[in-house]
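All chains are identified by letter, namely A, B and C, in their written order; residue positions are counted from 1 within each chain.
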Amino acid sequence: MKKSLIALAVLAASGAAMAQSSVTLYGIADAGVTYLNGGSNWSGVTSGNNKTSRLGFRGVEDLGGGLKANFVLEGGINLDTGDGKSGGATDNGFQFKRQSTVGLAGNFGEVRLGRELTAAYNATARYDVFGSVGLAQSRLWADGGVVDANANANANANAKAVTTNQRISNAVTYVSPSFSGFKVGVNYGFGEVAGGNSKSGYMGAGLMYDNGPLSLGLGLERLKSGANSVATSDIDAWSLGGSYDFGVAKVLAGYRESKVDVAAGENKRLGYYVAATAPVGPGLVRASYNRYENKLAGFKEKADQFGLGYVYSLSKRTSVYGTYAYIKNKDGANLYTLGSSSQGSLKTNGSQQGVQVGITHAF
Amino acid sequence: MKKSLIALAVLAASGAAMAQSSVTLYGIADAGVTYLNGGSNWSGVTSGNNKTSRLGFRGVEDLGGGLKANFVLEGGINLDTGDGKSGGATDNGFQFKRQSTVGLAGNFGEVRLGRELTAAYNATARYDVFGSVGLAQSRLWADGGVVDANANANANANAKAVTTNQRISNAVTYVSPSFSGFKVGVNYGFGEVAGGNSKSGYMGAGLMYDNGPLSLGLGLERLKSGANSVATSDIDAWSLGGSYDFGVAKVLAGYRESKVDVAAGENKRLGYYVAATAPVGPGLVRASYNRYENKLAGFKEKADQFGLGYVYSLSKRTSVYGTYAYIKNKDGANLYTLGSSSQGSLKTNGSQQGVQVGITHAF
Amino acid sequence: MKKSLIALAVLAASGAAMAQSSVTLYGIADAGVTYLNGGSNWSGVTSGNNKTSRLGFRGVEDLGGGLKANFVLEGGINLDTGDGKSGGATDNGFQFKRQSTVGLAGNFGEVRLGRELTAAYNATARYDVFGSVGLAQSRLWADGGVVDANANANANANAKAVTTNQRISNAVTYVSPSFSGFKVGVNYGFGEVAGGNSKSGYMGAGLMYDNGPLSLGLGLERLKSGANSVATSDIDAWSLGGSYDFGVAKVLAGYRESKVDVAAGENKRLGYYVAATAPVGPGLVRASYNRYENKLAGFKEKADQFGLGYVYSLSKRTSVYGTYAYIKNKDGANLYTLGSSSQGSLKTNGSQQGVQVGITHAF
């Protein structure tokens, strides 16, 4: 999947001394055709339905004494248009918004500086069988998920560092070594507000336990209210997930909730899901059921989502996939559509169906 | 020109198992000095006068049974300023706007998903001896060419997918194998308008015939009107070109026309050209004559363009070039200038001359 | 630090012919934690405190007869957020704004076209022991330095080519070979204003002398007034610097001044500094004192800046660093803060202190 680029000293005329390097160029190209059947149907070519299309550079240097330096520069790509997928403004060019870090690793674990996925996300989002992408992804851990980070983003440009609950900018991250299957990660994301750091910023932790067929994860997050004119209190979220691999099938489940006080009262969002994967032929069947709930000051919104997919491996690096998803919003409120707002609307009963077929190629 | 990056598994402590990769890093750096003699003279350093400056990554994976997976990520660069050349907004950073595709190839041909040059463009633009770049390029197939795609772009952001007639986003592309010298390519570009796909989008085809010294190409294109508030009908274009290599010289010719109904009537644009190349010393002499005509509801605009150039090869990868171009607009209308609008204006008689000298280095 | 990517022809099934390449992928990942103690304190993760975080591609091709072709594509990165550091608009994606050139080198020296550091900057900024980055950098040669280029930028978009005194776009550059330790570089940056090139653009030269422990540099620059509605005359700057390496320590000094006539009178800025480095253990101690003065039509602004730092090398490629900086503005005017405007303000007495600790990893 990932290649190292051999380091060859550029030798003008003399012999060929070879110096091994640790710079790795890697990426994923994933695109497919999506059809959405809703109030107004939509079809198109979409990028990153099975895995996010990306390009990255990374390296590790052995400093001796068990110490290693490393870096990662990874950016998302909208393969359908060639744009950078920055998670921010549209059409803004390729950026290393997926990960941009420099770190030191040793027996003590690893310390990294920069932007990356949060430890809380890493601990529990891994139980989403659709990998947080595509029509059938769980929205619990995805962008636009339970922590209402966009409100924060709009309120204060400096808080941009902490606007998604998937990734965190301006962060110091610590990841522990594995102790008897346990591993912990911690992020502190600076709010970078002059005079107001004690009231802004992000802090989160993820605890992972992996032992044979059993895997468990716990995520804890706090997005401080200081730089957030919408919220009147900190936004807190916690998530719990786990999986057990029975061999013929793997069963997974997850729960996440977040809450924040706003002017109208407490805004609480929660969701849970159960899922399974099973190897069938050269590929993998994936199925999941998600429930989303939004409770804002006395009224409730709910939605149910079903997903079913198959990933057929042509090689270790290349696969084709098909995914079906169905969503049904309840209680008269429309919490989610399957695609983005420009990709068609819900039917009048609050439901929508979608299908994606495509190809994933890792390099 | 193009290099493969060797894939070496990063080996922490053990031996040196080598895994061959197919990731290729490639590009072109082209810059020169341009002088334009018009109503107000202009001079400057310009990028991509002989070949567009670019950086790309691509790879092919053999899946066995004659099947191959491939990807291409290629973006343009304004070498004079370091900006990305996205073909869209200015100063928007590096983007993979030249090509971003993932595909599968086999005996059946090749299917690709993403953004790329249209098959119609590929079939006939190859007869422009100046390669669609620089002062002397033919405008028939270039951006700002005959199909008025910008009108579309302004009218509907979703139609952005189909705003140029060189490249198409959100596309499914099929390219056939070669049968007795014949090869066909087809693009379908989704309009990606909710509820309106049947009335939007792009479809085009290119037919190529290559047999010894003879080469022929036919291009057919339709940009649907649905997402286009300016046009009251679909925009249709066709182009035809060919070349014959006599050895001492190669002769080339091309024709392209497009039309669309707008409020004021039918807007028809057409153009043709004859050109020749001849190897002289270690380089190539290139010459072309272009005629452009614009017929909008009863009035006509015309322009003649001459181009003469020499490309002197310093190696297979590196060459220096000089190009002279002259344009003369007629009938009192000013259809084209040689450079962009900020690069000086036409003389009062509608003419302009320009010279470019520079260097092209492929890597 | 820099690696060559080996060029291997992608061999589907046959033997393994190896074609040596000269494409080099390289970069720096630098991030740290910064604390600023001012009117309102600020803390955060910052990128490029010791060396600017960057990613680059470059290559050299031997054309025979002593002639070589080369290219450089290098862009800055804000490692704390993953954004491109373009020196221009925020959040604009990765761009090759540090250097984007194509060139030819031979016995005559080297000619390059594109964007790069000015020869004047290269000649004298090299005596800043903090390398023009981080809290303790000398502002004499840095962006926002003595030549008031931003005024120019705002006044005319076409003058963007010449808006910084560190780098120049749209430039033709000549660098001489070294004669008895002497080397000269010259830049001409086109103003690219239609009809007005004689009154716009940039020209500059740098003279370097390097002989054993002694190093001297002289920089001369003129930013023409034509495209500058603020200035009523050309902006002229000159700088002088030098260093002597005593072995136990290296002593460095520099001076720079620039002036321009504006409506209110002559605006003259000048500054000087003395600095020293000394190897201590596996690292380097760096110390500097800077004085900045701004004289505009009868009133004066002054600031003193002290910097002290240590760079501890973990390997040739990786180091950790700590930097302390103090600034004190005088005469009631606030000429500079240590960080950017969003990173806290000065104390009421015009002073500010800051500390940075971080890691630099070159690849």
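Following the convention adopted for this analysis, a contact is a pair of C-beta atoms (placed from the backbone, for glycine too) under 8 Å apart; a residue touches a chain by one contact, two chains touch by 3 or more.
The structure presented is a predicted model; accordingly, all values stated were derived computationally and were not measured.
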Rotational angle, Cα trace of chain A fitted to chain C, multiple of 5°: 120
Same or different contact residues where chain C meets its copy chain B, judged by the half mark: different
CA centroid of chain B to CA centroid of chain C, Å: 37
Residues of chain B engaged with two or more neighbouring chains: 5-6, 22, 25, 84, 92-95
In the complex with chain C, residue positions of chain B that touch it: 3-6, 20, 22, 24-25, 27, 29-33, 39-45, 47, 53, 55, 60, 62, 77-84, 91-95, 314-315, 317-318, 342-345, 358-361, 363
Touch list for chain B against partner chain A, complex: 5-10, 19, 21-23, 25, 57, 59, 61, 63-64, 67, 69-71, 73, 75, 84, 86, 88-89, 92-104, 113-115, 158, 160-161, 169-172, 190, 192-197
